[in-house]
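As structure tokens, the structure follows; a few thoughts come after it.
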Amino acid sequence: MMVTILDIIIAGMLLGGIYALIAVGLSLQYGVARVLNIAHGEFIMLGAFITWTLYTAFGVNPLLSLALCGPTLFLIGYVLYIVLFSRLRVRAASPGAYEGNSMLACFGLLFIIQNLAILIWGADIKGYSFFAFPVDFAGARFAANRLITLGFAIVIGLVFYLFLARTRLGKAIRASAQEPEAAGLMGVNIDRVLALCFGLGALMAGLGGALISMSYKIQPTMGLEYTMIALIVIVLGGLGSIPGSFIGGFLLGLVGSIVTYVEPGLALVAYYVIFMMVLLLKPKGVLGK
Amino acid sequence: MALLKGEKVTRYFGGLAAVFDVSFEVQQGEALGLIGPNGAGKTTLFNLISAALTPRPGAIYFKGRKITGLSPYRICRMGVARTFQTVKVFPDLPVLTNVMLGASFGASPGLSWGDAAEEASEILEFVELSAVRDTPAGELTLANQKRLEVARALATRPDLLLLDEIMEGLNPTEIARSMELIRSIRGRGVTIIMIEHVMKAIMNLCDRIMVLHHGSKLAEGTPGEIAASDEVIRVYLGERAHAGS
Amino acid sequence: MNGRITTLNRLQRGIVPLVLLAVFALSPLVLKQYALILLTNTFMYIILAVSWSMFSGPTGYISLAPAAFFGAGVYTSAVLGFALPFPLIVITGGLASFCMAFLVGALTLRLRGIYFVMFTFGLVELLLNFVLWWEVTVTGTTGRVVPPLGNTTVFYFMLAILACLLLTAFRLKHSKYGFALQSIGQGEEAAAHTGIHVTALKMNTFALSAFFMGAAGVVMATRWTYIDPRIAFNPTLSFLPVLMAIFGGLGQLYGPIIGAAIFTYLEEFLITRFPYHYMLIFGITMVIAIRYLPDGLVGLVQKAWKQWSRRKHGAAQG
Amino acid sequence: MEEYGRKLPVELKRYDDKSDIGTMANLIEKLILEDKVDFLFPPWGTAWLFAAAPIANKYGYILIGGPGGALKLKQIDLPYFFQVLNFSDTQAPALAEIFEEVGVKTAAVVYRGDLHGIEYGEAMVPFFEERGIEVKMKKSYPPGIKDMSSLLKEADGLNVDAFVAACYPDGGMMLTSQSMELGINFNAFFMTVLPFSPSLFKGTFGERGVEGVMGGGAWNAKTSPGARDLVDKFVNLFGEEPDYWGGLYYWASLQHFRQAIEKAGTLDQKKIRDIMASERFDTALGPYWYDEDRYFVNHPGEIGQWQKGVFEVIDVGEKRTAPPLYPKPPWPKKK
């Protein structure tokens, strides 16, 4: 069986599902809370390692761990925002200064979380087998765990989207994203909403990490790679746009799959070329006006 | 020859024409008032003249030379200086330095940093800000920040000065001082276009008035003619009254 | 009388750096080898931090590209090897970075805020991955051996670059262009309408700062002796200088210097005593610095000084 | 120590280079200049060795390149640098020989885009072709790749007998788990770095999972009495098996080093170096010596294969501890 076009497309979707999921969290954190969370990948890593630990030490089904990783990471994110970022926000002379400072603080967080993880889990590469068998699909063959990952990514993304679009809290979040001052006047506790957003971003990272650990090998230093991918995706989809991140994720997955097929060594180069081209030519994202 | 000439100047934002097909002429030494309801395209027109935006289509000539497509700093050095509707002083820099930058970069040829200090002191004297010359500009009162913007613009040795609502938010005493300032700037031979909602100032200071409405030129004439125009009163005052209600 | 005081001040100002330069120039005669190596290392970070803050300090454009410019120098060093006399390689490496920065500057004119930050960081990763691919598929190697120089030679080259940089940064900061850069940071639009050629000034300063980073890269490569794309374009070298500069304080020229010096010393101190907690402590310091020192260390000291002198003043009056 | 008339206490100083080459270079010089250590042990990783070797050599310090290294270092004259591992120049022909013996006709070669990958990737092809094995696919992949399924699928589509990867543990883990997940099985599955590590490889995929996988190395407890002793000691101490590539070689190189120091009776690096470069000593793996380029040559094996939980040496010739298992059994069915 030769590698077919369908093969490449589905492989791109599988990759894209993960990309989309990890980007949505970052997009929310930047789009609403205005924190460009460079430590996003570290939250993903935490989710992955919690799942790994639960599975290898206690035999907990990784899909069950999703229910634990999410809330844990949410709590960490929420507290971090209250303790660190809200203070930076209040103090900053301008929105630009806040974005700069909060990003640098995230770099600090990156080092802290990463090195704590190394102390706890060691620096080695880790992995486990879960749903590691092939599934034949439309004449092409894929790993079961990746299909599950894609399925969950889409479901989680949809639920999240509905939450933002339909619930009162979701509407408050979107109001804060568009006009923080007006939202404040309407009785929305802006600090709490922003903390909520940051926490939700971390929650998405935790879920993403748990899903990633099912089909990818994990390492305490894996974070930055995923952060960069998430960054590229949210730029592609337009900063702060949740549906944009989703579409951007699948787009990038597709590009990655195609380039990897032609010349694997150029996959990351292609990502960054796209990233910089979009920044230069369509800074509002490929979907933006 | 007119100092400044606009030919069918147009600018769209999205599908909306902020300025549409406006032609105008300003003579050397003249003071032109630019009035119109909010959103009439006055500030957009300033942005087009000072090259913050490019007219599409349309052309603008300054001293007979086509200036459309040039960058803002070139236009400034050719002799067009401006102030901003929302003040844009350099807040952390001392008042004197704010003005020195204008003298050193905006004037043509630019002054050396040392000469710029002398020139800037003189201009601060002229706008009566000498007392606060070492204060960071951000710490000034709004009225003084507006004066500082005028000073910075003057330091570039302009032939044409664009003043965008420099009296907005000022109290009557400050407005009187501001009018005094504009008079003495005219005394230096500088041509002025001013956007202003303070009608008293426009009527007293300007030789001619142009009224913009929905991006188009509604009327043009001496203050007397404009004050007598029914259409202007209906559009301008009507909307003002409406906005105020 | 006023004039005499300023001349005296200027003289004093000139003497201090000259004395310092002389002290450092003579230090290889006195210092132990390892101290010299440490000093070289400190100089490298000072160069990166100061050249970064030369552009990013006044304009507020946070560039995460130092690793790209430094790496360009490192690679120049590796590619040219013995082909040219070393001082020429240093200049070539600096120029390579200069040109690259100029190009990047031209491309990123329209980008502001976070977009600029992301672009510059993307640049580092793009270069890293591209050079990696290029070396694998085109030249068929990834590692390059750099001819080593003696520790003392490396030290003098670093000192020379640092001296040139400080002189340049000082002259720039106190020239009209220095103030123009500040005005860009405080209101780019207003700066343009005040007659400042904003783009040219930004591009030139950005490129100038990259020159020194590149030159430092050339020199440092000879200490590392072996390099590959991952070593040359190490993203950490983008973050560290930024952090050092902010930690020290951007308002004054000596802020980044102090920041870099403290950080390198801290690194040396921590890494030998707490090897496994070093990066952790580093991260914590970073967060605390940003959380509690908005104007950096220098800002903190200045504030304390102001308060102290005010109190003293007040007491004298009362 | 004869020179001092007594045994000298040994103090170990170790620093963490936080995987940064600049820091590493500084720390090596700190050990030499500041701490004035008597002996230097190397950092982990090929690139790190590359940077450390010239520095140690500059100060006349012996450096035994245990963990990592490459043939490329031969190009530089470093009289104080000793290399312990076997490299592509012996492993590639040994693999080709095994492949010819078992009847491999076609192969796919993928390699990591770095020093290690390129060296092995380039080295294998001529040896394969010499023995009539057609290389139907040869591709590099970048470090940090996230998905290698297209490489596996392509090789599978070409119906090659052998899949050969010059990889590091990250890529090796991904290749193994993705072939399992995709149910792609080759008659021969070889990876340079990873299979030799019982903890990483066997520990992750299980004894049945790794059955039949080949890897660079190699030795096992059967190699010699000393080897069995090392395995026992290691298991006692750390609760896991040592790695079956360098593990025994480093151990033996240290025994060789110790005997050289004893014979020299001094801490003088030059004298010890001269003895190391010329003398044979008996070690855990048997006689141990370096050739004229200061490369250890008497390796107990080149290629290993997991068979029933043992990393068997399958080299053609007398080093072999078990015949190769070919074709490799299919991946175990997972729950």
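Each chain gets a letter, A, B, C and D, in the order it is written, and its residues are counted from 1.
Note that in this section a residue touches a chain if its C-beta (ideal position, glycine included) is under 8 Å from a C-beta of that chain, and two chains touch if they have at least 3 such contacts.
Just so we're clear, the structure is a prediction, and the values are computed from it rather than from any experiment.
J.: Which neighbours does subunit A have in common with subunit B?
T.: For subunit A paired with subunit B, the chains in contact with each are C, in label order.
J.: Would you kindly say which chain has the C-alpha centre located farthest from the C-alpha centre of subunit D?
T.: B
J.: In angstrom, rounded to a whole number, how far apart do the mean CA points of subunit B and subunit D lie?
T.: For subunit B versus subunit D, the centre distance works out to 76 Å.
J.: Using mean C-alpha positions as chain centres, tell me how far subunit B is from subunit C in Å, no decimals.
T.: A distance of 41 Å separates the two centres.
J.: From the C-alpha centre of subunit A to that of subunit D, how far is it in Å?
T.: 37
J.: Any chance you could list the residues of subunit D touching two or more other chains?
T.: 113, 140, 142
J.: Listing for subunit C: what residues touch at least two other chains?
T.: Where subunit C meets two or more other chains at a single residue, that happens at 129, 132-133, 136-137, 276, 279.
J.: For this structure, give each pair of chains that are touching.
T.: A-C, A-D, B-C, C-D
J.: Which subunit D residues qualify as touching subunit A in the complex?
T.: 113, 139-142, 144-151, 153-154, 156-157, 169-170, 173-174, 177-178, 180-184, 200, 204-205, 209, 333-334
J.: Spell out the residues on subunit C that touch subunit A in their complex, using ranges where they run on.
T.: Touch residues, subunit C against subunit A: 60, 62, 107-108, 110-111, 113-115, 117-119, 122-123, 125-126, 129-130, 132-133, 136-137, 235, 239, 242-243, 246, 276-277, 279-280, 282-287, 289-291, 294.
J.: Would you tell me which residues of subunit B are touching subunit C in their complex?
T.: For this pair, the touching residues of subunit B are 50, 52, 71-73, 76-77, 81-82, 84, 88-93, 97-98, 100-102, 104-108, 110, 112-113, 116, 152-153, 156.
J.: Write out the stretch or stretches of subunit D touching subunit C in their complex.
T.: 14-16, 18, 20-23, 25-27, 29-30, 33-34, 47, 50-51, 54-55, 58, 70, 72, 75-76, 113-115, 117-118, 122, 140, 142-143
J.: Considering the complex alone, what residue numbers of subunit A touch subunit C?
T.: 30, 36, 84, 87-88, 91, 96-97, 99-101, 103-105, 107-112, 114-116, 118-119, 224, 228, 231-232, 235, 239, 265-266, 268-269, 272-273, 275-276, 279-280, 283
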